[in-house]
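Heads up, the next two complexes both have chain A, just with different partners, chain B and then chain C.
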Partner chain A sequence: MRHTTLIAAVLVMGSIFTACTKKEDRPDLEDGKSTVINDLEGDIGASMADGIDGKVKRPFKDWYFNFKKKEKITDTVENARTLNWDIGFTGVYNSMVVINNGTDRKSPGYGGPGKGMIISVNLPYKLVAEAPSAEEMKNNNLSFVGWDKYPQPYNAGWYFYDLKTHISIPVKSRTFILLTAEGKYAKLELLNIYKGNPAVVSDLHWPAPYFTFRYFVQEDGSRNLKTNE
Partner chain B sequence: MKLKTNKFLYLALGLSLLVLSCSKGSEPAPEEKPGKGEPAKEVTTGIYTVVNISLDTATNGSSTAKTFYYSLETNRIVPEAERQTANWDIAFLGTYNSSLSANNGSAQYSVGYGGPGRGGLYLVQNEAIDAQYYDKANKKIKSIPSRGLFDQAFNAVTTAVGDDQYLTNGFVQLDHFQGSEDGWAWYDFYGELFPDAPGDTKQHVAYALPRPILVRTAKGNYAKVVIYSLYKDAPENPTRSNKPGFINFKFAIQKNGSKDLNIK
Partner chain C sequence: MFNLIPIKYRLLLLFAFASCSLRAADVKGKLSGIVTNEAGVPLQGIAITVDPDHKRALSDAKGRFTLDHLYAGTYTLTVTAIGYESHREEIEVETGKNKSIMIRLKAGNHSLDEVEIAGAHRNPDNLIDMMKTAMPGQVITRKEIEMMGSRRLDEVLKEQTGLAIVSDIGSGSRAVGLQMQGFDSGYTMIMIDGQPMVGRNNGNFDLSRITVSNIERIEIIKGASSCLFGSEALAGVINIVTRKNITEPQGMAALRYGSFNMIDATLEGETPFAGKRGTVYFSGNYYRTEGFNSNPYLKEGKTAPPFDSYALQGRGRYLLTDKSSLNFNGRYTARHSVNEISYGVMPSKDVLDEYDLNGSVALNTNFNDGTKLKTQYYLTRYQTNQNITDLNSGSLIPGNQFEQYLHRFEVQGARVLSPVVELTAGAGGAYELLDNNAYRSSKTMANYFIYGQIDWQLSRRLSFIGGARYDDHDKYGAKLNPSAGLRYQAMKNLVLKAAVGTGFKTPNFQQLYLVFTNVQTGYTVLGAEEFWREIQILKDAGQITNVFPMARQIGNLKPERSVSYSGGFTYSPLGSVKLDVNVFYNDLKDFINSEQVALKTNGQQVYSYVNIARAYMTGTEIGLNWTMSKSLNISAGYQLLYAVDKGVVDSIKAGTGSYALVYDPALYDMRRSTRKDYVGMNNRSRHMANIKFTYAEEKTGWSGSFRVNYRSKYGFMEANRANNFLDPYDTFVRSFFLLSGAVQKTLYQKHLQLQFSVDNIMDYRDQLMPAQQGRAIVLGLSWRFFKNRTVKPMDRS
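Right after this comes the complex of A and B.
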């Protein structure tokens, strides 16, 4: 994991300097408390674009992520109904992020011990200081976050998808408050699906899906989600 | 070259089907443009076929597709300016105009929110018919449903469901795509149904399903709708090159206010 992150980071730097047409300052994601995951490789073997080397016409393979271990889990069959994962990356381009909940039919963890939930708040990550009550989490639970306002107008997502350009644009200043598989409060910011976390993508063939995201899990069981500026 | 032949074949098939289905409806819909002068005339109880109603032909599948408003009561497209009136019954919006909203003034997420509409939608799933083309376990189609199934499913609906069962605060959608539930069309994002098709010809293709949609109109009448296609000329086996943004459907409307949809 550490190695891949390092390699990814090097690649990121490379691609930023070589490929970005517009140089833009990206704010530093590190705040000393949160975990930042850069360019975590999704299922890059699948693509809807035919004729791209090494890609075949097949659905993207789902995978999971464990917050504590900072680890990607690809064996979904073995792990779906366990506490080994907190969020799953599913669907087209692995872009639909799901939680691990044993009683939620929409969760791959259905039937297992998971206690996961997810809600959306329209606030920048650093300003999200406290999670709402368990009751409120339950009432506003989205089960998954993906394409904004899809499938229903009340489904808050983490990106806009333009079917004309096939480019997904992350929703700014939106943070997700979660319950992890074990039922601990956490906050999550999903930043990009494109390699290098570029500020603007105009090229449909920009390498994807590579996920950049950051999160903070409150291990003491409280609702305090304060991180540093 | 081979591709071209196929395209023509589909086109020819599509055209002959259209002719067939037109003759079934009691009144083929005139192609009206939104906002054109004449006062709207209410239809009578009966079956109507709508062919190639042009929704959003300019955007070609953009998520910013323009919303279109259709009135079953008057069998025509209604201009955007009348969104907050009871003059329309179904809004087509979103990707390929594939999301359907009822006209309900009191539902926050209805396209008709704030208006006088009392509408609702209900997707009908007929298990016996679904079994013929749909893989329930994997939530995808096994084969393209034949046009006969659409008419069978349509005819099998003889009454509207109870008033508490209609969806008002949300859309009837694509079937199991990115978090959606059971829907009226199956979107083959990857081209899985035709893995040997050349290039991207069968990717990003939406297949309508023989699942009728019950509509409570804005004014509170009941209707049933079956959508054949959202492509121009309603090809039975559409490809990427077919033009989306044209809706083809059949509907029956009951104008006496009852739930009787056994309309011939």
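Right after this comes the complex of A and C.
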């Protein structure tokens, strides 16, 4: 075979291009102190249809979450004006996260004993070491976090839409510092609304909402939010 | 130094130089001769072609012709004439000598043979020679397709330089299309046997719909070609030429089986009838695949959906008289696909049913003076029905459901006006009807067109191709699209080319008439024609929060336009090596974007379509071909592409809205964006390259190929923060290499062929490339039926 050397060269070149798949590198969320919630199911049976034939329109049902008990609370009527919940998942795809505050009209806990507040900090979760003063919390309180920069540019959110693919993408390196319903300092990172917390969503019909988030509550009442040792 | 010579002697010197260069012309040779029939009677108006220079001469009343200023060397001389057998011979031209030859043409048998001429591409369905248009063209032969072992059209085209199969995530998991020179798939016209195919998913034409089993040749033109083909030929044209007729009865049965339970079975046959006055060809193909999953999160179901498909085609040709023939062509394809998807929760079932019907009737007439005329009626119908069922609730999410008809009538003529001018012209009309559940009623579009192209040999070295097409559309008025190309033979082995052309694309039915609300997320998309009525309905229902000022632009949607500039050269330093370099620049205007124009009270957006975008796609394409030996060939291709949205560049410079900032991970914060932060348009790779080794040994019957394809990283989606443009910190699809190989062996005097191929040898997969399958190993065998003769059957390569 005259072309032995050529064939050998081709094979060698082929082996150099060992293009195999790589498993995506996902950093471990557990740090020993924070609570990590994976794939918490939201209201998956809802529909947004506006008059599409044959479809019953059913808006998304809100639900709440209790940090200490790590529990989802579905009876919103019963629990709204209590201290049984710290954050609520409301609205379209349950993507608007609200806090439990008795004096805030925007909160479902209005009229109850809740002291919740939420502010946004542009730092990765593990670098947030201390909450700001109570004064600063009050001044920068957003009341809710949802779609970034909506309705106003100063409304920091935890996700935004890619207008070409219609997929919601989590805002990275942003942490929310909040006061729980009881008034304790906590930090929260909302990671994903899609099942499996994928790094990138490549399918328009990826199951949602399935919430992945992690949080740390400073039970001693101080402003120390350090979680990495 | 010249100044030192007195004036009168300067003139003498100049004259001496001039006459030297004139005499240098004597370095070339001349070819002349007489064309007669078998009885020795001189024939007039016969075209004699000399290749590779492709120079032409016409015989005069005495049958004489002359071709001068030919470089010394060996040429292939071909003579084709209606009613005669084609004549081909090799001739040697010597410096300063006049080679004289006598050509005797034998009367051909009375069937209009399809004459195979090396280097020329005669297409029975279209008088326009695709390879002789202003813009650069490329041909993929059936032999090449066979050596790749491909089964479906997307597999063949994605390995060509500058072409990529891309997924349109925003249009659903079934939206895939072909990207050419950076243009989205909606801008490349797909034609079958010279007639346009319809049926796109938001502009995306899924090429896996088409089997390669009956493809004779694929012709690709890159660059705006609306001067010949009208709307949609903005990025270029892909023309699929299906099997040609021959005069010998032949048949083939082929079966392939491979990974993912892929089965590809083909049966075809062709035979003359009515004493060689007619020929008929039939082919049938069945293909099925289980699809492939590249998404590790998907527990059940595939990202490249499973499907099975039937394709039937029939062609017939009947000689009405000596000079005219009737051609009939019919094609029917059906595809059925069921994809049951589950991520462990929320299982759903995605069902697609697709039907393609193409038919045409054409009358071909050849007149005594050499004019060729083709009158053709073409009908195509496409129907699709796709929906997704939520298996938990039983509710149905409708997808694309529509029926699209195109009726087209065209008259085409071609004529050699003089030894240096060839004219092709045509005129016709088209009527398109679309019946889509998502539109308020069925919609129609009609247009008529007239076009012409001149191929003019200006001088022995310089040739010019110019064309123009006039389209009159019932919605968009009239459009004139010209194009011009020059070809200059600078030296024997160097050809310079330049071309410019314009293209346009009328808004599609979706951009005009769509009224759609996404059932899952609640956003609404309104076509431009429906916008004001529908927005009023929503306003009256109290569902609109506010309408953006940009909405004022919505009204008459204009066609998208582009101008293509292309220039380059072909250089053959050695007979066996050919280098092709081409630089292109496409200037896009009035491109239609879907923009958010209003906000609903439920927090969701309303989109509509506006002519807002300006962009350019520019780059270079380099191809190198080396025929190492009679059996071994190496070819390499590379494309460099810059795809830039001018609106984004302006917005970044002006600091408008979200464009003003980019999230810098190093700062954990946003900073002012600069032009350098804009990488380019999504889904486009800066670099694409390929190398192909092909081996074909006539004697032993072995042939095969080994190919490597490379795509550099391309933008997939935004990340970090929304700034509406692709910055270096966004999500990209990794760059990758794909290796494939195939080998074939023929036995029993070419009756039996065995094939073995491996696509994607390294099993490369990526979640962000849903349509890319893993390693596919395929085994196949085919049996050709034909009468053994001393002359081998038409080698259709």
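Just so we're on the same page, the second predicted complex is superposed on the first by the 192 of 229 C-alpha atoms of A that agree within 3 Å, B and C clash if a C-alpha of one lies under 4 Å from a C-alpha of the other, contacts with A are read in each partner's own complex, and residues count from 1 in each chain.
Keep this in mind: contacts are C-beta pairs under 8 Å (C-beta built on N, C-alpha and C of every residue); 3 or more make two chains touch, one makes a residue touch a chain.
All of these numbers come straight from a predicted model, not from anything done at the bench.
Of the two partner chains placed around the shared chain by superposition, chain B and chain C are both touched by A:Phe160. In the superposition on chain A, A:Ser173 makes contact with chain C only, while chain B stays out of contact range. By the touch criterion defined above, A:Gly91 lies against chain B and chain C together after alignment on the C-alpha atoms of chain A.
Judged by the touch definition given at the top, the superposed model places A:Leu40 against neither chain B nor chain C. In the superposition on chain A, contact of A:Leu191 is made with neither chain B nor chain C.
Number of chain A residues touched is higher for C, counting chain B against chain C. When the two structures are aligned on the shared chain, A:Phe144 is found in touch with chain B, with no touch to chain C. By the touch criterion defined above, A:Lys106 lies against chain B but remains apart from chain C after alignment on the C-alpha atoms of chain A. When the two structures are aligned on the shared chain, A:Leu225 is found in touch with neither chain B nor chain C. For the contact definition in use here, the residues of chain A common to its chain B contact set and its chain C contact set are 48-51, 91-92, 147, 150, 160-164.
Chain A makes touch with chain B in their complex at residues 46, 48-51, 57-59, 91-92, 95-96, 106, 143-144, 146-147, 150-155, 160-164. Of all residues in chain C, only 169-170, 172-173, 295-298, 303, 341, 343-346, 348, 388, 392-393, 395-396, 398, 517-524, 543, 596, 602-604, 628-629, 632, 658, 663, 665, 668-669, 682, 693, 695, 706, 708, 716-722, 724, 731, 734, 736-739, 761-768, 770 touch chain A in the complex they form.
Interface of chain B with chain A (complex): residues 59-64, 94-96, 99, 109, 169-171, 173-174, 177-181, 189-192, 195, 199-200, 203-204. Against chain C, in their complex, chain A makes its touches with residues 2-3, 6, 10, 13-14, 17-24, 41, 44-45, 47-52, 54-55, 91-93, 122-124, 127, 147-150, 160-167, 169, 171-173, 195-196, 198-207, 210.
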